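Two complexes follow with chain A in common, the first pairing it with chain B and the second with chain C.
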Partner chain A sequence: MNAFLATVRISFRRQLTYRAANLSGLATNLMFGFFRASVLIALYREQPSVNGLTLQGAITYAGLTQAMIGYLSFFHWYELMHTVYDGQVGSDLLKPLDYFLYWLGVDAGRALGTLLIRGVPLFLVFALFYDVVLPLSLLQWGAFLLSLLFALLISFGWRFMVNLASFWTPNAIGIGRFAFGLSWTFSGFFFPLALFPDWLAEFSRLSPFGASVYIPIQVFIGNVSGIELTKSLIIQLTWIVILVILDHIILNRGVRKLVIQGG
Partner chain B sequence: MKRSLSLLAKLLKIQVRSQLQYPTSFILEVLSSLLIQGFFFVAFGLTLIRFDQIGGWNLGEVAFVWGITEFSFGIMDMFFSGFDYDSFGPMVRRGGFDQLLLRPVNITLQVLGSRFVLRRLGRIAEGLVILIFSIIQIHASLSIVKVLYIPVLVISQVLFFSSLFIIGATTTFWTMDRLEILNVFTYGGGEVMSYPMHIFPRSIRLIFTFIVPAIFLSYYPAVYILNKPNPLGSPAFFAFLAPFISAFMFLLALRFWRFGVKNYQSTGS
Partner chain C sequence: MSSIIHVQDLVKTFKIYHDHKGYLGAIRNLFDRKYDLVHAVDQINFDIHPGELVGYIGPNGAGKSTTIKMLTGLLVPTSGEVRVNGYIPWKERKTYVKHIGAVFGQRTTLWWDLPLSDSLTLLQHIYEIPDPLYKKNLAMFREILELDAFMNTPVRSLSLGQRMRADLCAAMLHDPKLVFLDEPTIGLDVVAKERIREFIQFINRERGTTILLTTHDIADVAKLCERVMIIDHGKIVFDGKLDHLLRTYGGRRFLSVQFAEIYPEPVLENADIIKMEGNNVVYSFMRDTVSASHLIHKLSESYRIADLEVNDQPIEDTIREIYEKQLLYNHNHDKKNPAS
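Take a look at the complex of A and B:
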């Protein structure tokens, strides 16, 4: 446990040192938040609410997705893959810390750092420009934070699995792009899922991708509560369990298969 | 000149061959970019069903600006990837650019030939499909002049986006790293150009008029081609400035690039 926490801490500190990159990323995500919000405002011109989502909720959605992009890092993550191709993986597997836990620690530190210096400030600035919806009770804040944590675990579980492809093939980047394309497509990052046809929205919500992005936002803007909220959290937990088990099965097979080049 | 061109062709051929080394990977990449990019438009179309229109434009009309932007951006992203600051930045930092400078061949040509991303065919195809979909919807408003203006617009947009890439690549000579903020103008520019631009607040429109003149490459020409009212009340000839503005930008970008190369100091790594 100590080794895990130390990994988180080191990774967290490293993330904080990239000040210019974080600031530049923040400004970029913020601008994209403005673009998406403008499009939503133009769409909603004659309707106050669509499929239970108000304009204010939709604008909040646009700001939150941009604030979460860096934290979840759901669509572009090849770090583990790179260590396989440059041979670093050899010493990583020898570490006195489980390989899965080691990467989880690295990613948790990175995510936490990004959330604090990029995500939170972004949403605060966004809220200066638009009238956003905020959680109304302490319970809702708590539920949101919990579901945000679950979201990271789902995202990590998926990214870890995708990156493990590099244990088998010398060029897994293509597989990665395809897999991250899936998570980008069905997560609801582009447009609020509530605006899609119901069948597509429902499918995305039940997929690990919607569970990671869409559910925390739904909790934040108060579109799910009571039984629905519990159900949403259970969907998230289910995916965490499934992905962690899959990750371990694939990792165990992969380690036996792995050929380390260079190093 | 002839030698340069044949050399460029050779460099590109090597790129294509190496990218086809892993056929499964390649096919997956083309398919994924086709699907992901295509999904955005499908998602937008499905969303528009709930609202009917955006800024007074229907789906066929939005598809025009959307398709032409995707198509042009895809072509640019395939041919000018050498200047893609996402990969050029790291190349400069690692000293790869120094290596190119040592060769007795024009440096611009070498950078152009250093990266040719064949998988962009997915995005190009996607843009073309959307553009054709749009033309089927809007053909009634098209005259022969308008039809002839469409390829001119595509070329103008390719020049426009490539200027942004070249300027972005040049900035990395000083920053030694890619600046993510540049994405606001390149990918963000592509995004705003995919909608009727009068829906954006004045501040965003001003940025994309005076800092990066994207509005002349998409909105004004589209208003003319689609016979749409122009709530911005700008003069009619704005529709025809696209080729001149993009050619000017391209020349300016090349000048900046040459200035950057001249003043380049290696990191020594």
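Take a look at the complex of A and C:
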């Protein structure tokens, strides 16, 4: 097994040991899911659809976003920052392993564990209580899983970059809060993008945040198919490439600064 | 014999900013920040040969960890030359670190929430250790470090001594030629310290691993290291054998006397009274100024003695005195090449 996969595996196992945290995370996400669904039902009372989104679609949207919160961890992730502040980063840099890949492995293991323990059960429970939309074909399931993987890569690329701020400032938590606020607002987590004004919805859709959260859901619900589906996946891939390149540029500068000025 | 660590004219200078105070000062800081240049490491030279076990000591802030960071590639020198195992550490860090091991006593490289065995398996993959070698090394370290009792315990539940043994094993699995040990006995009890020292001695003697040991515990150095380097104010102020250091600077001895009666002022030439309680008096004197037998002779001429005892100053106190009085620093800081 190579070092990357071994890192994914150990991180996955670690995630599984956090039983209490996983369960309470599941309960919280579920509760907010029910809450959001109730609000949507009240909003839709008179109308069959808003901006082309049916109530059934909106409820599925709510369930999926709630199920993806832990997996994408888009709004709260300071793990790398902490290692910079407690000095662990020194030991990590002394390992013969690419720093970016190492953290990607750690995060992929975490995400996988969270998806299995929190994401999937949450959506299953949601499907018991509400009438949700499901992908109709194997192809659609496959496309959804692919876009879900891409979503994680975008989310990681963003979170990694935000955390790198800790290489420059002794308190990057504030920067993190602001940056994660951005991803929260524009990802469509908070509210279906279809309910945004058109220009804002379009902006969010093209941003890395929308590409991470909104696109997989569109694929799942079946709002995009054929050419549109390919286009959506290409938008995701483009963001992955951009973020990975930016991450490496910033990381190299950060490491250079760290090794020149000291920890 | 070619050296495994070669350090020449090594300098590391930090800019330490001092900010203006108050609100206006905070604004001024944006445009005009004053700084001092601090020479954390100031023109040091040394060579370490394969198989050596060298103690690297010095007071806090003397430049020890700055040196170690430059040797491991975590810090780029301001000027000077470093070659370790043929590599320039900060330029070729990712390839270089395959060949070294490092233990920082204050932190762990192990996965806190998982059994020790999981972390060790991960290291096998990270260092790409071939299966037979991994199994051989692990079996050996399990036995010597007695890891079996807690191999499947989450690292967070280990005692400090157990965790340190685990970290030592983790640093040695890939057969590094050179190991940096930074405070490997910090916070341990006497028994645990002794075990760690025995292990360090084992990997140095039996496996020929070169070791650079930084520590504040002089007993580590006294037990393990033939050669010791002392850094102070960024300069290597001593590099040589420990007993040479002690002979040169540790000349202080103590003469404890119990007199047969109480004397108000039992003064003695060439010796200072450092403690006096009734008829018990402790004198301090320097080995190279006066001999113990001479002092005892002088004492018995003037006073009646019931009992007496002569002691050497403990090593810890000698080193502390060297740090505090900066004996070596003052002695050497005009010379171009420090004592060797």
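Going forward, the second predicted complex is superposed on the first by the 257 of 263 C-alpha atoms of A that agree within 3 Å, B and C clash if a C-alpha of one lies under 4 Å from a C-alpha of the other, contacts with A are read in each partner's own complex, and residues count from 1 in each chain.
Just so it is clear, a contact is a pair of C-beta atoms (placed from the backbone, for glycine too) under 8 Å apart; a residue touches a chain by one contact, two chains touch by 3 or more.
For clarity, every value in this text was computed on a predicted model and none was experimentally measured.
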Which of chain B and chain C A:Q88 touches, first, second, both or neither: second
Contacts of A:F32 with chain B and chain C, given as first, second, both or neither: first
Partner chain in contact with A:F196 - chain B first, chain C second, else both or neither: first
First (chain B), second (chain C), both or neither touched by A:D98: second
Chain B versus chain C as contact partner of A:T185, first or second or both or neither: first
Chain A residues touched - chain C or chain B, whichever exceeds: B
First (chain B), second (chain C), both or neither touched by A:R14: second
First (chain B), second (chain C), both or neither touched by A:R177: first
Contact residues of chain A, present in both the chain B and the chain C interface: none
Contact set on chain A toward chain B in their complex: 20-21, 24-25, 27-28, 31-32, 34-35, 38-39, 41-44, 46-47, 50-51, 169, 171-175, 177-178, 181, 184-185, 190-191, 195-197, 200
Residues on chain B engaged by chain A in the complex (per definition of touch): 22, 24-26, 28-29, 31-33, 35-36, 39-40, 43-44, 46-51, 54-55, 177, 179-181, 183-184, 188, 191-192, 195, 199-201, 204
In the complex, chain A residues that touch chain C: 1-3, 5-7, 10, 13-14, 17-18, 86-88, 90-91, 93-98, 256, 258-263
Residue ranges of chain C in contact with chain A within the complex: 14-15, 66, 69, 72-76, 90, 93-95, 97-98, 100, 102, 104, 106-107, 109, 111, 113-114, 118-119, 121-122, 124-128, 154
